[in-house]
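Several structures are given next for inspection.
Look for subunit A in each of the two complexes below; its partner is subunit B in the first and subunit C in the second.
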Partner chain A sequence: MKVALKIWRSNSQTGERALREYEVDAPEWATLLDVLDLVKDRHDGSLAYRKSCRMTICGSCGMRMDGKTVLACRTRMYDIAEAGHIPVISAMGNMPVVKDLVTDMDSFWEKFKSVKPYVQPGYIEPPGGREHIISREQMSAIHKESLCINCGACVSECNAMESDPAFLGPHALAKAMRFVGDPRDSKRIDRLEEVSGHNGIHQCTRCYYCNERCPKGVDPRDAIAKLSAEAIKESIDSDMGAKHAKWFVTSAKTTGWLRETELVPKTQGVLASIKQAKFALELARHGKVPPPFPAHVAKNVKESRRLHGIVARQGRNGFAGIVQGEQAMAKLEHGHTGHSDRDPYGPGSFPRPYLPGEKREGAKA
Partner chain B sequence: MSHDVLVIGAGCAGMRAAIEAHDAGADVAVVSKLHPTRSHSGAAEGGINAALGNAKEDSPEAHAYDTVKGSDFLGDQDAIEVFAKEAPGDIYQLENWGAVFTRAEDGRLAQRPFGAAGSPRTIFAADITGHVLIQVLYEQLVKRNIKVYEEFFAWKLVEDDGRCQGVIAWDMLNGGLKAISGKSVILATGGAGRVYRVTTNAYACTGDGMAMALRLGLPLKDMEFMQFHPTTLYPTGILITEGCRGEGAYLINKDGERFMKKYAPNALELASRDVVSRSEQTEIDEGRGINGSVMLDLRHLGAERIISRLPGSRELAMTYAGVDPIYDPIPVRPGAHYHMGGVSTDIHGKTELEGLYAAGEVACVSVHGANRLGGNSLMETITFGRRAGRTAAEDAHFAPDAAVPDSALADAERELGELLGRSGGERPWQVREELGSSMLDNFGVFRREEQMSNEIEIIEKLRHRYNNVVVEDKGGVFNSDLTQAIELGYCLDLAACMVQAGVARKESRGAHARPHDYPTRDDDQFMKHSVTRWVDGAPKLDYAPVTVTKWQPTERTY
Partner chain C sequence: MKQVAYYKGCLASLSAKELDTSTRALAPKVGLELIELESVTCCGAGDIHEAEPDYYLHLNARILAYAAATGADTLMTVCNVCTLNLRQANWQLVNDTELRARVNENLAQVGVQPYERDIEVKHFLWEVAAGEGYEKLKVAAHRGLKGLKIAPFYGCQILRPSKLMGFEDPDSPSSLERIIEACGGEALDYPAKLKCCGFPIIQAREETALGELVQPIEQAYEMGADAMVTPCPLCHLSLDAWQSKLKKTTGKDFNMPILHLSQLIGVAAGISEADLQFKRHVVSVDKVMAKLDA
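Coming up: the complex of A and B.
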């Protein structure tokens, strides 16, 4: 098939920058990476991009296609070429470009290192110099975070980092969660305090682009939510972001509704709220603020309170609750609850396996 | 830029060696053409073998014997005994560092069955075991603040005064050749699967360390033994783990027949890799394949088990073959996977040259002999990476200061100038494609005398063409056109060594199968290692004895 694409070529040493179009003949199974290889081999040897495993595990080939970050090796070109679309390929965002599709990832790794990305063991040694005894449930709690291949797709997409480059960002925070959730680590509280501070979890704008673009299903935004839940559970909640979240919970528990009027003073404090009184009155004048008294109480508020009680009693108010929900969601998403109605060897399937010499049901004589 | 211990390559073996050398008190640096977590160790899927006995009774002796038998009695038994004995401790170390291994019901490490293993011995992390190891080792590297020369392409090993002095490397991000010296230098550059067109290996696996050592006059051992993995995805050669078969997957031909029953009636799909690859190739050659593939059938395992134990394989099959293994079998075929051969070392990782060590796939200790067992390579990287790191650090203590002589750098500059100075000729890609295809055709799962002889001539011609190839990119910044051209040179040298050793081995042993002229193993003549050196611009073959401690060769059936 013929595949055409446009590539933003640039060179940090010469300052050149240009959008160039290429067309190559590629096999139908070709990925974006295969196409780039063809461009480099057949057309322009100076095209620069990183690559290695070509199987979504090394994390080298992050780049943008039509503005969205992808792994080149994971992006099949067939549909795009068939549709006659000519995609624009450019380097990842939130990182300086070195040449063409190669970015400088120094700041990416510095942030990674700043969360102390290694298990910090405590005084408890595993029994008999062997492995720690850890239940499946405990270990699988950090399964998603440990899938991360450091490709940078989440950072490339991060809106919060674009406005504030000092933000730790989705990659480093997901890595932090991987250690917060690890029973072998002794610094859980220290870690939660660190990520709750300046440039930490509460800087996240919850745009969910990192979840959307992560090629491995790490869901960094969810990792940030887990950190947040765990921090609040441990009363590391002095940040406005934490107060804001807590008020949602309190409000839902007491009245079953979000009492927006009280949200500002509960989050920002009374003094800050007084400063915004004029703005609030203005909103009220336009009917944008419900009267605070008497509080509007939902009819089934008892149900909301009961739910709150269950979460608290079962100890699911930290990250564990989110993990549990995640696992349930994953099952729903795959449509598999362990029982499939479909016979895997039924009509339309590839032949049922049989051993040589065995009689085959329905086999042609 | 000078260090006590310089590690070249940052996969599992390199990082494990660097950590050990650091902990032994040495000033360590790592040189790698990729960021460490991008190394191809990370693509290992199924697991890592150690006789923990968590799933069933097991012992290092049993592990050692399975490995000896798997090696078709070409592995050095002293090395294998050390390997099996030290493996469990190394696993506990990795677990204590934070490796996210899959757990058994009782909270201990789970172990799954793997090919040709007498007991469920393979520790794993779902089917991303290599990924988990590479992350945990990099974490430990960061914790120790070990210096990494990231994206430095090692080009020349430097020998002076009878010792290895260090390496000359190309700085990929900024351009320019840099000399980095080390009192002890450890090669951990991995394998050379890219000699073949269909391979599970990453683009980076071009045998750099083996070729650099070869050019320095060092011997490469058992180069004819390239393992073909039975389950690589059609058409790309991407690895589908042996763990699938460990979990109970079937191999079937186009009629739905579980053909392994014919070839390995007891072990079936879990026979040794060389046996399964040959069986598949026979099915395909005799017309019972589909599109040059057979089928790996997971459907009977059910969705739950596939999703929880083999999520990575499912993802790969869906992304790269458009097949969901819950509903459809996966098209697979044998592909070049692991090089049993490599730089000859002793059990401490020492090579023939003072101050030079090697560990992991680049090395040949030899643990794997003529055929490696699944799960043993990750273990080898860790155990022998650690051993090499320890030895290198201890030796560096007593070694003279190392320095790369200016003349060596000047020579390299001149050679680079010559390479970049060429214009108006063939570019490397065609040579690379012809090498990969011809090696697959003529030096694949089955080997014929006339095809191998033919391949020697093909390689000779390609080498001739290679001497005039043109690097189009003349710049300094991320010039992968240059590094890929150098890598091709490495591959050509190694291919020549492999085929020469293959023609000379007139028997069938492990991964070297000659069913048409020498269908059986010949212990009288060939129970010996092949040893290749580069002499006067061509490989020169010799042999060395195999170390036998306890186990005399017997017939190998599964």
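Coming up: the complex of A and C.
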């Protein structure tokens, strides 16, 4: 098939920048990465892009196609070429471009390093040199975060980072959650305090681009929510973002609806609110500051108040409160029906892996 | 008439009452009969989800239970954030029998009927952008916005995460454009129409939020938009009320009127000012109405 592409070519040293069009003959199964290889091989050897594994493992080939960050090796070109569309290929966002499709990922790795992406062990060694066994339930709590391949697709599209480049961002924060949730780690509280700082979780603007773009299903936005819930559970809640979140809880269990007018002083403190007085008066003139009295109270609100007490006693808040929904959420990835009759280890499928303690068929007892 | 359980959420009950009144006035014209929900609470707005997630799930289960008890098949929202929070909780409850059983047991303890019959959560936009609602809208609002250039602004949580929302392609949606055109207006295209308005952090990180907010308003302004329209009252609040703060940071006075989706269709369908309540906006809508009358 004929595949046409437009590529933003640029060179940070000369400052040159131009949109060039290429057309190659490619096999029907070709991915964007295959097509770039053909362009480099047949048309212009100076085209720069990163690649390595070609199978969504190494995370090297992040780039944008029509403005949307993808892994080139995971993007098939057949439908696009058949439709006669000529996509525009450009470098990832939120990082400076070095040349063509290659970005400078220094700040990405600096943020990665800043969350100390390794286990800092704190468990008691079992006697006699035995293994420290972790249950499957414990590890499944960080299953999604462990899937990250550091490709940068989430960072490339992060709306909050576009506005404030100092924001730690979805990739580093998902990595932080991977260790906060690791039962072998001893620095959970230190980590929660660090991510609750100025450039941490409360900068996330909940645009959900990271979840949308991640090629591995890490769902960094959900990891950020897990960090927040866990920090608040541990009373690491002095940041305005945490106070803001907690006020919604107070509202829900007292009046049922958000106590909107009190939200600003409860989040920013009384002094900061006074500084906003002129702005608030302007809003009040248009009815945007509803009077706190009489309170807007939901009927039967005592039910939500009592629910709060019951839930608190059951102890499933913190990150566990989000992890509990993941089994259901995983069904979304597999065809939107929510129900699958197909046994993933049934006939015609890959053999089921053996779990520890299980006897292999035909193996000697 | 299609009966829907109507969940208006916090803002339409409080600082964005105009969203509630215009939705109510418009509903019968687009074939919707709204069933009032009295006992429901806030969905948590994503904040309870990241503060006390198990409580978030229970609050939303309670809302879903009351909505299902009306007998309607659809719980209709008028806010992106409510839509995401309710759809997320609903998906988890419907697809995890054990989780649902525990939540229902807790609901029973406080005297709430269990959430048993499944209900679907849909935004008002989805009700009028396709199917019968869209056919009725075309009749009700035919060529009522002639000469107006409207910049659609989607807001994040009606598009993403798309696997949970699923109404349209999150990278090239067309529902708002279709509605603007059915109302006789001209829909403008600009890159920031799919991006974040910054609202969730506008109190905790105002500077970062304003850096996001300026993009759609500035781009719509440069395209010559007469107004912007959004299906989300939180986007509306930041675009409308926080716009004055952009004057200080950018030195530009955009003076860009912002319409709720129900107001935009409402204008085209001839709903009265008493229901549209434009006086409740910070940025005046007068010049839009004047251009329409001219």
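The working rule: the second predicted complex is superposed on the first by the 321 of 365 C-alpha atoms of A that agree within 3 Å, B and C clash if a C-alpha of one lies under 4 Å from a C-alpha of the other, contacts with A are read in each partner's own complex, and residues count from 1 in each chain.
We adopt the following convention: a residue touches a chain if its C-beta (ideal position, glycine included) is under 8 Å from a C-beta of that chain, and two chains touch if they have at least 3 such contacts.
Since the model is a prediction, treat every value here as computed from it, not as a measurement.
Contacts of A:P126 after superposition: subunit B is touched, whereas subunit C is not reached. By the touch criterion stated above, A:A252 is placed in contact with subunit C alone, subunit B being left untouched.
Of the two partner chains, subunit B is the only one touched by A:D182; subunit C is not. In the superposed model, A:S10 lies in contact with neither subunit B nor subunit C. In the superposed pair of complexes, A:V311 makes contact with subunit C only, with no contact to subunit B. On subunit A, the surface touched by subunit B in one complex and the surface touched by subunit C in the other have residues 336, 338 in common.
Of all the residues in subunit B, the ones that touch subunit A in their complex are 34-35, 37-40, 42-43, 91-92, 95-98, 100-109, 125-126, 128, 130-132, 135, 139-140, 142-143, 173, 202-204, 235-236, 238-239, 250, 252, 255-259, 261-262, 295, 297, 299-300, 302-304, 307, 315-316, 319-320, 326-329, 427, 429, 471-473, 475-481. Subunit A meets subunit B in the complex at residues 11-13, 27, 29, 40-42, 44-46, 48-60, 74, 76, 98-100, 102, 104-105, 109, 112-113, 116-119, 121, 126, 129-136, 139, 142-143, 146-150, 179, 182, 184-185, 330, 334, 336, 338, 340, 342, 344-345, 349-356, 360. On the subunit A side of its complex with subunit C, the touching residues are 66-68, 159-160, 162-164, 167, 202-209, 211-212, 219, 221, 224-225, 228-229, 232, 239-249, 251-252, 256-258, 260, 263-264, 267-268, 279, 282-283, 286-290, 296, 298-304, 306-308, 310-312, 314, 316-318, 320-322, 324-325, 327-329, 331-333, 336, 338.
Only residues 10-11, 13-15, 17, 38-42, 44-59, 62, 88, 91-96, 99, 106-107, 109-112, 156-157, 160-164, 166, 170-171, 191, 195-196, 198, 200-201, 203-205, 207-212, 237, 241, 244-245, 279-282 of subunit C touch subunit A when the two sit together in their complex.
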